[in-house]
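Below are two complexes that have chain A in common, paired first with chain B and then with chain C.
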Partner chain A sequence: MSTPTATTGRTTARRGTLRALWPGRAGHGFVAAYVVLLIAFGVVPTCYAVYFAFTDGNARFTGLSNFSRAASDFRFVPAVEHVALYLVFWLAALVVLVVGLSLLLHRLSARGVSKALRFLYYIPGALAGAAGVLVWLFVLDPSVSPVSFLLRAMGFDTFGQVVAPGHLPILFALIAFWTGAGGWIVVMHGALNNIPHEVIEAARIDGAGAWQTARRIQIPMLRKWIVYMMILAFAGGTQLFVEPQLLAQASVGVAGRDYSLNQLSYDFAFQNNDVNTAAAISVELLLVGLVVAALFVARSGFFDAD
Partner chain B sequence: MKVKFRAIGASATAHGRRRTGLLAIGALLALGAAACGTSTGKAGTSSTGGSFKPAAQTGGTLTVWVDSTRLAAAQLYQKQNPAVKMDIVTYDGDANGSNYLQTKVSLFNRTGSGWPDVVFSAENNEAAWAVPVGFTAPLNKGLIPQATLDGWATNANAPCTVDGTVYCLRNDLSQTVLWYNDKLMKQWGCQIPTTWEQYQALGQKVATEHPGYLVGVAGDTFAPEIYMWASKCGANQITGTKTVTVDTTSADCTKMAALLDTLIQNKTVSTSSVFSSDFDKNDADKILMMPGPSWYGGALFQSTFKTPAGQIGVAPMPQWSGDPSPSVGNVGGGTWLLSAHSKNLKAATDFLTWATTSDDYQGKLAPGYPAYAPAAKTWLAAQSASGYYADDITAPLTAAADQVWPGWGYGQFSQEAIWAATVSPGVTAGKTISSLLPAWHDSIVNYAKADGYQVASK
Partner chain C sequence: MPTEGHPGASAFRTQPALLPADLEPRRSAARRHRPRNPLPALVLGLFVVFFVLPVLWLVLAATKTDDQLVHGNPLSFGSWHALKANWDALTAYQGDAIFQWLRNSALYSFGALVITLAVAIPAGYALAMTEFRGRRMLLIATLVVMLMPNATLVVPLFLEVNAVHLIGSMWSIILPYAFYPFGVYLAYIYFSTALPRELLEAARLDGCSEFGAFRRVALPLAAPIVALVGFFSFVANWTNYFLPYVMLPQSSQLPVQVGLGTLLDDVPQFNPTVGDLAVQRPELALATLLAITPVLIVFLFSQRFLVTGMLAGATKS
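And now, the complex of A and B:
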């Protein structure tokens, strides 16, 4: 990508004029490449999906029939329940542990351990999603797991017992937290660094300890970041796919098949040759994500000035 | 899966508010972008396989998809026929319900190109979806002579046949037999059971006299194909292209379920998968008997469990006493498909015929019991000559090849996947198979309906 600040043959005077006419051109230049990708792989497919969701195989408008076909499928309601339960575990873990660990990390920052820890937290996030899940498939199999003593202590002797249906929401939340939380901890740490030093100092002079500083100063000032994290984590969570799909393959179908809504959408598209119903499910996920994001934004004063 | 975000180093400047706004909009857009990752492509372009019009025969490279086991076939063919330009691609063989092939073909159908010329699949129900989407070429309408097709074992190509037209060729048969450890049997003075009643009695004897030893394994996804199919349980009666009758509570089903429950409870039938790491570690050297498909000998005992030579024998599958018509089950047995879109039908057909019938591959190299009868003869002779087995395997395997119960069909939905998701977790949690039969029934009905089947259930 070329930036407008690159040295060219232009005269200083012309550059001055350009700067006056288009003051944000550097920023626009930086964002342009992203916008192109966003349109190609985000906006256009979204519109395509909406188009599919309201038409049938012969491109005739069908109203909401794709949506009702999806909703009446025997796998739909269980998938909604699975995803909802997973979201409860995953979002709760994310908010409590990410905020807690970031505060801890921030407190340690003076002692040099922080850098090492930040790196450590981030490592799992650097593994691509699928690779991260594969690591867990080994961890969860008592006969090959490095922590098999823990699994056996909990009464699990075989992989089949570990991946019993009731354990899945917790397992998926655990895997998602392990792969996804590190990045958020780094983000939160950055946000904590942005809290003006004077504010913290003032709190200390007023006699606030670590706990009170965190509760009354840092967490309230992190609120927008937490909301931001919730919006993205919620959208990501509703799209649960890789974890159950890989687990289904690893357990030869005992656990994880047809588990989430995205898997159901995938099944519709590729097993039942019904792209339109698949699109209807993805449009539903989009709507849920948007509505929840709007709720969070409205309730938290996300756009209010500080 | 998850929305990727970029860490944004925010700074408290005058632009704070505007940036937050942009950020939120960006987040919403990203969210929108991510929400529809699974649905792109054109509307369904399915055509029926009824009228086959070959593509323009322009020749060129022959693209062949095989799994790692069948790679040897493609490589040997290339070696023997260096003039044929081949592109050999290995993939997962569509095994264990991966649906890789179906997913790819559905994408190729949308883009209108990319189909491989010949594909091996480890599944034998591919015709159920591949014929409706027009992927497979009819083989008995001029491509392969009827005389060649007549060489296949009885009903071997039944899974490939739709309304009298053959759309794929069976690679191997997977008829079930009773595998047993000859050394232990002799040492303990046990008789090989010929009926399921004797089998159960022997299981109960082993439980008290030799605890820890196994007479069977029912922890795999294909357990219903070993036990329920052999017992003539009508859970999967495919009666037409899109009709199925599901009955899981007849005596044929409940008898077998009760037998398994008894033996699972006294721990002589394991609920681990024979391919699981814990089975290999704890149970592989404790097998007295194990009903299972013909490929257990090479794939399981010889290569996975490394059971020493001279111990493993084959006996006919036990039958219910008083049943005049012996029946066995069947676990898989791959198929070869020829693409209807091939621009190189001649070369593709030659390869397909060679891969399924040649003695050089099927008779001498293939790990499984060849579905093509003349090759099976060579294969059996080679197995006997290897000296691995304790006694003659030819008679029981050949007899079983013609006894696969035809009442269990090959539908589009995967019986293995349904059993795995419905029955296996229940058994792991300590429930009996008998108590899970109604749930199994409902699950089959649901999946059959989702694939557009008309279901008659009892």
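And now, the complex of A and C:
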């Protein structure tokens, strides 16, 4: 504005007053669309679910009766147990194998090989969701499986035997690990690279072997990443849906029907036409997700929100 | 809502922002010369088999007849003829349902992608580079929602969308997909590390409006973050199952992920009650392959670009 004419002078003046009256207006303008989406698809559905969870079909306040109806349903406790068991297997596999494989990959002297392996491990990520489940339906069917000799050696001759109810937590953990581990290995590898080389070198000079370096230096320094992975895996795992749903289809409802809490919520809403009880289960799951996420943001120091 | 259904897929969602710079440490020239322990190589190799074998099997299965699938060597190539036959049978299923589903997936994923970029990039920029009331609260809300699994909100979203009579509309999928707090977080990290504040100050001194500063200074530097957010949003939306499964009542509207479930229902080996509609297993394998091809292609071609983006976005800590 080096040559202010009458008009630009006026706009500048107006801009000046606006700036004084509403200092953050530019920022508000930039985030406006996002805030609309956040409200429409984050806040409103949450409130709506809470509203449904505490009312009945005639919009009367019912206290906790939807929650107790959900909890007393004969499928509820088994569903909680299924999900809990699945989480145990999945989280254990994730921690032990992702950390272990990352450490091994990091020790590889051939950098190209390490990079290629990380990519190969990452590929199943493209099959997240239904595609991965379908592939595993085949892999777990002894009649067509590429590892049918393994399945038969373990005493399974038919698909039905493989997907016996007792095996499901392990199988779902296996599928989740197959699609998700590669991404986490890439993350852990990056975190390992961030450990200053001098530290590792110093340990080596002090006579630490690979195992001691890993146990005393690398794993402790990975701790916050491991916790981060666990938190996300835990929250995601409580939402189990597509794996048991497709398995239920593939086994004509023998295995996997109403297996997880999300399936139960879905069935309440769409089979029993009982959206209020469905909402009660959703609110419980929502609460788990929200509490875990909020605790993590507040306590981990992982994200600095300035 | 944060978009991806599979628990394992959360790895993608969170990976790049937090991925520390992928700088390989300098290897010391003098490595110890000891007889190598073969165990690590063995373990790494075993896991290559674990991760790759099912994918390889899937590719080969599409080239076989059902009979070959059962009796042949699982890792043999069938024949081009069988592949063609599977292709013909698959594309004849319910008219050309498979193409319809793929088109739907593309429509939902790209529609959401465009909106996500238009919304998330300015929002991340504002959170990083401008001051406004409520900024901190918005940032914290973004972090919390980003960490929550997307499936938590599916049934509530259905209730909401149902109340406004949008069930069955493509917007019931695209708009929830477009809400992508992780993308906002990525953009926030990117701008607060890669864009020097002095540059913006200079632009403002030269008379740029706030919007002008964003458009002329920030956007031209934003290519890596656009690619990164685009990649994760696309993969998450393409592989989402639960939301469209709940929202879309008609087969002609399904994305390919849910369509695969429909196909599965018509495979006699998995559902003995199917009659004339029967889908053979190799056709299902071929459909699965088609369903994952776009994501695989994105994986293959964005590798280099993504590493750059991750490097740029990950130096915050």
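Some notes on this structure:
One rule holds for everything that comes next: the second predicted complex is superposed on the first by the 241 of 306 C-alpha atoms of A that agree within 3 Å, B and C clash if a C-alpha of one lies under 4 Å from a C-alpha of the other, contacts with A are read in each partner's own complex, and residues count from 1 in each chain.
Simple rule for what comes next: a contact is a pair of C-beta atoms (placed from the backbone, for glycine too) under 8 Å apart; a residue touches a chain by one contact, two chains touch by 3 or more.
Remember, predicted model here, so these are calculated numbers, not experimental data.
Contacts of A:33 after superposition: chain C is touched, whereas chain B is not reached. In the superposed pair of complexes, A:144 makes contact with chain B and with chain C alike. Contacts of A:187 after superposition on the shared chain: both chain B and chain C are touched.
Once chain A of one complex is fitted onto chain A of the other, the partner contacts of A:101 are limited to chain C, with no touch recorded for chain B. When both complexes are overlaid on chain A, the residue A:134 reaches chain C alone and has no touch with chain B. Contacts of A:68 after superposition on the shared chain: neither chain B nor chain C is touched.
By the document's definition of touching, of the two partners only chain B reaches A:272; chain C does not. Set against each other, chain B and chain C differ in how many residues of chain A they touch, and the higher count belongs to C. Once both structures are placed on chain A, chain A residues 38, 41-42, 45-46, 48-49, 52, 129, 141, 143-144, 159, 176, 179-180, 183, 186-187, 190-191, 194, 228, 231-233, 235-237, 239-242, 249, 251-252, 262, 265-266, 269-270, 275, 278-279, 282, 285-286, 289-290, 293, 297, 302-303, 305-306 are touched by chain B and, in the other complex, by chain C.
Taken in their complex, chain A has these residues touching chain B: 38, 41-43, 45-46, 48-49, 52, 55-59, 73-75, 129, 141-144, 157-161, 164-165, 176, 179-180, 183, 186-187, 190-191, 194, 196, 224, 228, 231-233, 235-237, 239-243, 249, 251-255, 257-258, 262, 265-266, 269-276, 278-279, 282-283, 285-286, 289-290, 293, 297, 302-303, 305-306. Interface residues of chain A facing chain C in the complex, by the touch rule stated above, are 1, 23-31, 33-35, 37-38, 40-42, 44-46, 48-49, 52, 90, 97, 100-101, 104-105, 107-109, 111, 117, 119-132, 134-139, 141, 143-148, 159, 176-184, 186-187, 189-191, 193-195, 197, 200-201, 225, 228-229, 231-233, 235-242, 245-246, 249-252, 262, 265-266, 269-270, 275, 278-279, 281-282, 285-286, 289-290, 292-294, 296-297, 302-306. If you check the complex, the residues on chain C that touch chain A are 1, 4-12, 14-15, 18-28, 31, 40, 43-44, 47-48, 50-58, 61, 69-70, 74-75, 118-120, 122-123, 125-127, 130-133, 135-136, 138-160, 163, 175-176, 178-179, 181, 184, 207, 210-211, 214, 235, 239-242, 245-246, 257-258, 260-261, 264-265, 267, 269-273, 281, 284-285, 288, 291-292, 295-296, 299, 303, 310, 314, 316.
On chain B, the positions that touch chain A within their shared complex are 1-3, 5, 7-12, 16-17, 20-21, 23-24, 27-41, 43-44, 46, 96-99, 102-103, 106, 129, 132-133, 219-221, 271-273, 275-278, 281, 414, 416-417, 420-421, 424-425, 428-429, 446, 449-452.
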